[in-house]
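Chain naming follows the written order as A, B, C and D, and within any one chain the residues start at number 1.
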Amino acid sequence: MKLLFSIVTSAAVLVSGSAFADSSDTKVALVPGGPHPYFAAWERAGQDAVKDFGLGKADYKVPAEWDLSQQNELIESLVGKGYNAVLVFPGDAVGTNKILGELDDAGIPTAALAGCVEQPTKAKMCFGTDTGHSAYLGTKQLIDAMGGKGKIAHFTGFLVDPNTTLRIKAVEKAVAEAGGGVEIIQVIADIDAYEPADEKINAFMAAQGGEVDGIVTTAWVPAVVAAQALTNMGDKRIKMVGIDHDEVVLTAIKDGFVHGTMLQNPYGQGYIGSYAMDKIRGGCTFKADAPWKATAQTDQFIDSGTVFVDSSDVDTYVDAMRGISLEILKTFEDDFLDC
Amino acid sequence: MAALFKKDWFGLLIVVIVSGLAIAVLKPAFLSPFNLYVLMVSISYMLIIALAQMIIIAIGQMNLSVGAIGGLVAISFSGLMEVQQVSVPVAVLIGLIIGMLCGFLNGYITVRSGISAFIITLATLYIFKGINLGITEAEPFYNIPETVKNFGNAKIGNTPIPFLIIIPIIITFLMWIFMNRTETGRHMLAYGNSVQSAELIGISSSKVVITAHVISGFLAAIAGMLVVCRLQLGTPNIGDSWLLPSFAAPVIGGAILAGGKVDVIATSLGVLIVAIISQALVIFKIDPFFVQIFLGVMILLAVFVNRYREYKQEARRKIFSSE
Amino acid sequence: MNEFCLEISSANKSFPGVKALDQATFQLRKASIHALLGENGAGKSTLIKIITGVHKQDSGKLIINGKEETLNNPNDATKFGISVVHQERNLIRRFSVGENLMLNNMPKTALGLIDYNEIAIQSKKWLKILDLDIDPNTLVSDLTVAKMQLCEIAKALSLKAKILLLDEPTSSLSPQESKILFSLLKKIVREEGVSIVFVSHKLEEVFNICDDVTVLRDGQNACTSEDIKNLDRQKLVRLMIGRDEQIVKSTRKNQNTKDTILALKNVKTELGHKNINLELNRSEIIGLYGLVGAGRTELMKCLIGQDKITDGEVIINGKKVTINSPKSALEKFKIGYISEDRKKEGLILIHNVLDNTSITVWSQIKKAIGFVSDGMISKKVDPYISQLEVKTPSNYQLISNLSGGNQQKISVAKWLAAGTDILIIDEPTVGIDIKTKAYLHELIIKLADDGTSIILISSDMPEMISLADKIIVMNNFQMNGIVENNHDYDSVSSKIMEYIHT
Amino acid sequence: MNKKIPNFIYTNQFGLLCLVLIFTLIFSTSTDGFTSRFNIFALSRVIAIDIMIGLAMMVVILTGGLNLALGAIGVCAAMFGGWCMEVLGIPIIPSILLMLGMGSFLGWINGIITVKTGVHSFVVTLATMSIYFGFMTMLTEAEAFRRLPELFTDFGSAKLFNKYVSPLLLVSVATCFALFYLFRFTDIGRKLIAAGANPEAAELSGISVNRMFIYCHMLSGFLGALAAILLTTRIGAAIPSMAGQLGMDWLLPAFLAPVIGGTLLSGGKLSVFGTMLGAVLVTLLTNGLYLLDVGEFWIRFFLGIILLLAVLLDRTREYFTLKSVIVS
């Protein structure tokens, strides 16, 4: 809550002096993959975008379950209800494409938010985090913290999620680049629920806690549980790099049990994403020579900001995020759009 | 000794001992105090979850909403403490009452409508989980009081025994007494054996069914709160993953889904076996892609073993009857 | 002595659409055995349900020990010492005998927990009254059917029953077992002062042990508390069915054909049968007689391939064959089996008349790509349904809504429709009223006369003797001997008894 | 026999039909967009898949069992088909046949184990669910097959009848009719029902109950694969997460449709069109609730309440019709 609040107040700075006053008929739906705390900032981001950019609507709409079909159903009902732009966290990097294509056919612009869909796609852009790259950077940070050598464990989410495979490969890549000093001793996957994550991560700590030097987590739940486990053990020897901004993880960073976390920028995603959708509905198109970045999944990627945060800047990362958001917004129209 | 052999749980006990020894020999770390602690912690709430399902299996029904009740209680418990600043004992009490109310609702609707509990609890699963999400909007409660957190982490003296496991041990003991030594418990088993006979005997089905569901809700509530103690946060996801393990342990313990045959000790050993296996999978660094297959094969194996035992017993009975 | 311990006067009870009891009156003397008789649907079970507190009468009085009482539920009845032993077993099979006896009233320790030692001690007492030598710790599932029945009575007694209702208690007992039961009943009446209401279709039993008789017909009293000495069998039957009983006299025609259609030679089965030898001729009725648990039904189930025959030969029409499933028994060898357990093994209660009757013929009448319509089925089975005079509002009536007699007719009809050569009929008239019973007997004889060979399993000695051509006596999964039946009850029955005890 | 029409009023299907009509009326008057072309088309597609999933579960419920592995079978079939089309380059029709074969095969394994061990299929399919799904993730490494023939994926987006209806719905409705024919008008279908209603009686009446149970499981696998095919054309790719972790996302629609549709959980009684209407009702409700703006987080709650009311209503109907039958 605190976090959300500070992001919100920072938003005022973003838009001070903005010139977006005329109201448009753009109705943006911000659709996450399912109920999850990560996306909570989108709700406020949408509301602020309406206020600041004069959108018709920008509503945060959550599928009742983490389920691709449920998400599709929700999106379809939203379109039926008159929403004419959709920002979606893809329920599946491949499976979400079909519905985005159909929305495009119906004249509704869409974009992938927070995570990407794989190309070929009709999504106008992917604005968010390159999941693979984030895992890669996190691992790099971990290896640095370990002094370039040691044994690493990797905890991640559902195997059926293509992102999980990307993350496993990214971690392997970072380790390979570190030369022979670093070794992955175990990958534990399929722990996207708290109880099994608690069981398996603690079992790992019990069995290999003495051997392992570093832990990288690339999904929300494993990050929370692993941070909690290290805190409980009072272990500061094992270095850990987590993901996202769960309070448990942030507190553990402050207390020195976790080295750092790979933060994303959910508020900026929702805020700038809504803005971009309005622009596109207003007739803008993406430039052919826009400074896209390329990822393993798409070459129409715009980084919403992935920041590594450790104990030195855990209290101030909100400012860092704000800076990034400002930066992106400032040049967004000039860099990416033809209006 | 011969009497021991006939017990459902005897074979399971051997499995536990043999597999425990085998793992310990291959990986001595298995018997390290920390590992034993971890094992006991994970057993602590799984045991209660399994018992919450077991008592419904005893009366020949299923409770799909065990996890949803646990989740609802978990977030109510932590939410009360964080948002309403309610003291811990009061929050526990309210949590238990919510759990029992949910259970009562399941039992009452099942009895009064005569519709299968499977369907009723499928609907209430939606309702309880829906209230959970409606209240939390998927956001966890983080500010759990220190006493609760400490309880989740504390060990008894210098032993590797977690404080947490005291509750399940007491509950298991009470459940054993309940199922074996109290009239209501025996009436439940009788009801599970044959609803018609039980009613003719004069056992009140509404009393039996509602009591079983209330106990199930009560246990689910305890499990939900234990998970909060353990995770040190009240996340709305608690309970989502309970359904399969809640059935796996009683089934491995030889419970018959048609009702009337459950065993508290065998169910406990079933929990232990599942926990040992999932630990072994981590300890031996089994390829994550194999883990699912392994668990499935284990359940099938348990099924085959139970079947084989029954077959043996049947054969014995046949020989007796032809004498 | 002449005081009534239970009285029902002018009771009326209606269910939607049916008047089940119409001014019914019933008086039970203390320490007597009172027969409650009537055809199915005459109102017996409604009367029993009123006595046991399951239903409440619409009007009329219920007087217990001279005082008018109201019973709201079965527990109220128990409080007044009224206990009922149902036709269906209601013991908990996975519980011990002792626990079953004490289930309503478990002895407890100071802590309020069940005291199993005390259960054993107390239950032993009740078992002893019935001269039952059973360890109270034995599981019920390990008992024989007869012992289960006796346990049920022990259980009723354990509830301090002063009024005991027995609903068809002998339906699954052999004559010996019945005899034991009767002497026990007489003993508890004499020694414990218990009054018994006895419901049975077997009139021999009624004359054997009852003191008084009440007969119901269409919800009204056909006679009220009549002394049994004033009645004889014919009078009783007339009271029950409103006309004279038509006694079936076997008038078999061609009994001398020697055309062996089925033969078993030295058969052994996985269930434990040994040395089974049997020859069945065309148009012959062979009876299989024995105590419950003698292995008769089991032998037949092995014959039709549900369980395995492990050794010996099965010869059908002169050819050695192997029957590995009831399906091939029906389709290849035209053998049908009418189960003793209508509800569990014979019929599909949640399905309608048409589906139940035609279950055996779908394969026969199907057209291209398995097409079978209701019309085709009706055409095939309607003749049998009407031939058997099944009373049903329509072919789409659910079987569970039919009376027991009509249900049994359906389970026969489906095998008639299938057109079997060999028909195994297992206990065809258990729990069936006299009218339907007589009808079924005629039908069996007619079937045999028309060329079907029949194996008849029955524990009803008169039935066996009036129908079978020869009677095979079984005991302990073996054949003890064959009795040629000359339909003379006394001589044949004593021969059968001899064989049973060898 | 001569009163077929009035009897229909007492059936579960009629009650469902009324509910469907009532809710359609409520939603179309109180929400914007419910009757829009896009929404109706989208509904038709979701309904099509839910019907198929419901039917696949229904045929196992017929035996008094459950098929928890349904979703896992569906995903396995879809991934197998994706592999056939993308990697092996097998044409569409043979690939579809292979997928259906795969589904039936996995169902057959469920059936065989259930029949041979005599253990409740709930437990058996609980185990095979993990095994099938585990093999699937291991073999595919969770990689999706997304270069499927366009003709195949276009089917999922095609629009018929003035762009109101998806052809997927036609497939499902046709399947309903085929199943109705099977259960109502063929000897094998009648035998399946009889075996489910009372296995002992059916066996003694010359029906090979074990074989019938295996057929039911195979049919369930077949229909599960068919559902997966529809879903694959709809998603445009064969992806391992299409039915969620372990394929369990399918289970709720799979149970809801038959159960609301009046299929008896203890076996032996089913209603093909009831299942169809059940799927329609559930999808309609979800869609309507999304449109009604009840707050997405409360949707599950309202869905649960309405489901409860639906089954209770049905029970009340049964109670009253039973009474009226006795009276008449």
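The rule is short, and it goes like this: contacts are C-beta pairs under 8 Å (C-beta built on N, C-alpha and C of every residue); 3 or more make two chains touch, one makes a residue touch a chain.
Bear in mind the structure is a predicted one, so any value in this text is a computation, not a measurement.
Taking the definition of touch as given, a chain qualifies here only if it contacts subunit B and subunit C alike; those chains are D. Using the average of C-alpha coordinates as each chain's centre, A ends up farthest from subunit C. Between subunit B and subunit D the centroid-to-centroid distance comes to 30 Å (mean Cα coordinates, whole Å). Computed from the mean C-alpha positions, the centre of subunit A lies at a distance of 35 Å from the centre of subunit D.
Computed centre separation for the pair subunit A/subunit C is 73 angstrom, with centres defined by C-alpha atoms.
We define each chain's centre as the mean of its Cα atoms; on that basis subunit C and subunit D are separated by 43 Å.
Residue numbers of subunit A whose C-beta contacts span two or more other chains: 35, 62, 64, 159, 190. Within subunit B, residues 133, 137-138, 289, 291-292 each touch two or more of the remaining chains. Screening every pair of chains for touch gives A-B, A-D, B-C, B-D, C-D. Touching subunit D in their complex are the following residues of subunit B: 109, 113-116, 118-120, 122-131, 133-134, 136-138, 244, 247-248, 251, 256-258, 289-300, 303-304, 306-307. Here subunit D touches subunit B in the complex through residues 113, 117-120, 122-124, 126-135, 137-138, 141, 246, 252, 255-256, 259, 265-266, 295, 297-305, 307-308, 311-312, 315, going by the rule given at the top.
Every residue of subunit A that touches subunit B in the complex is listed here, in rising order: 35-37, 40, 62, 64, 159, 185-190, 193-196, 198-200, 202-207, 209, 221, 224-225, 228, 232, 246-248. Of all the residues in subunit B, the ones that touch subunit C in their complex are 177, 180-183, 186-187, 189-190, 193-194, 196-198, 200-203, 260-261, 317-323. Remark: subunit D residues 31-34, 36, 38-39, 42-43, 46, 49, 137, 141-144, 146, 153, 156-157, 231, 234-237, 239-242, 244-245, 249, 283, 286-287, 290-291, 296-297, 299-300, 303 touch subunit A in the complex.
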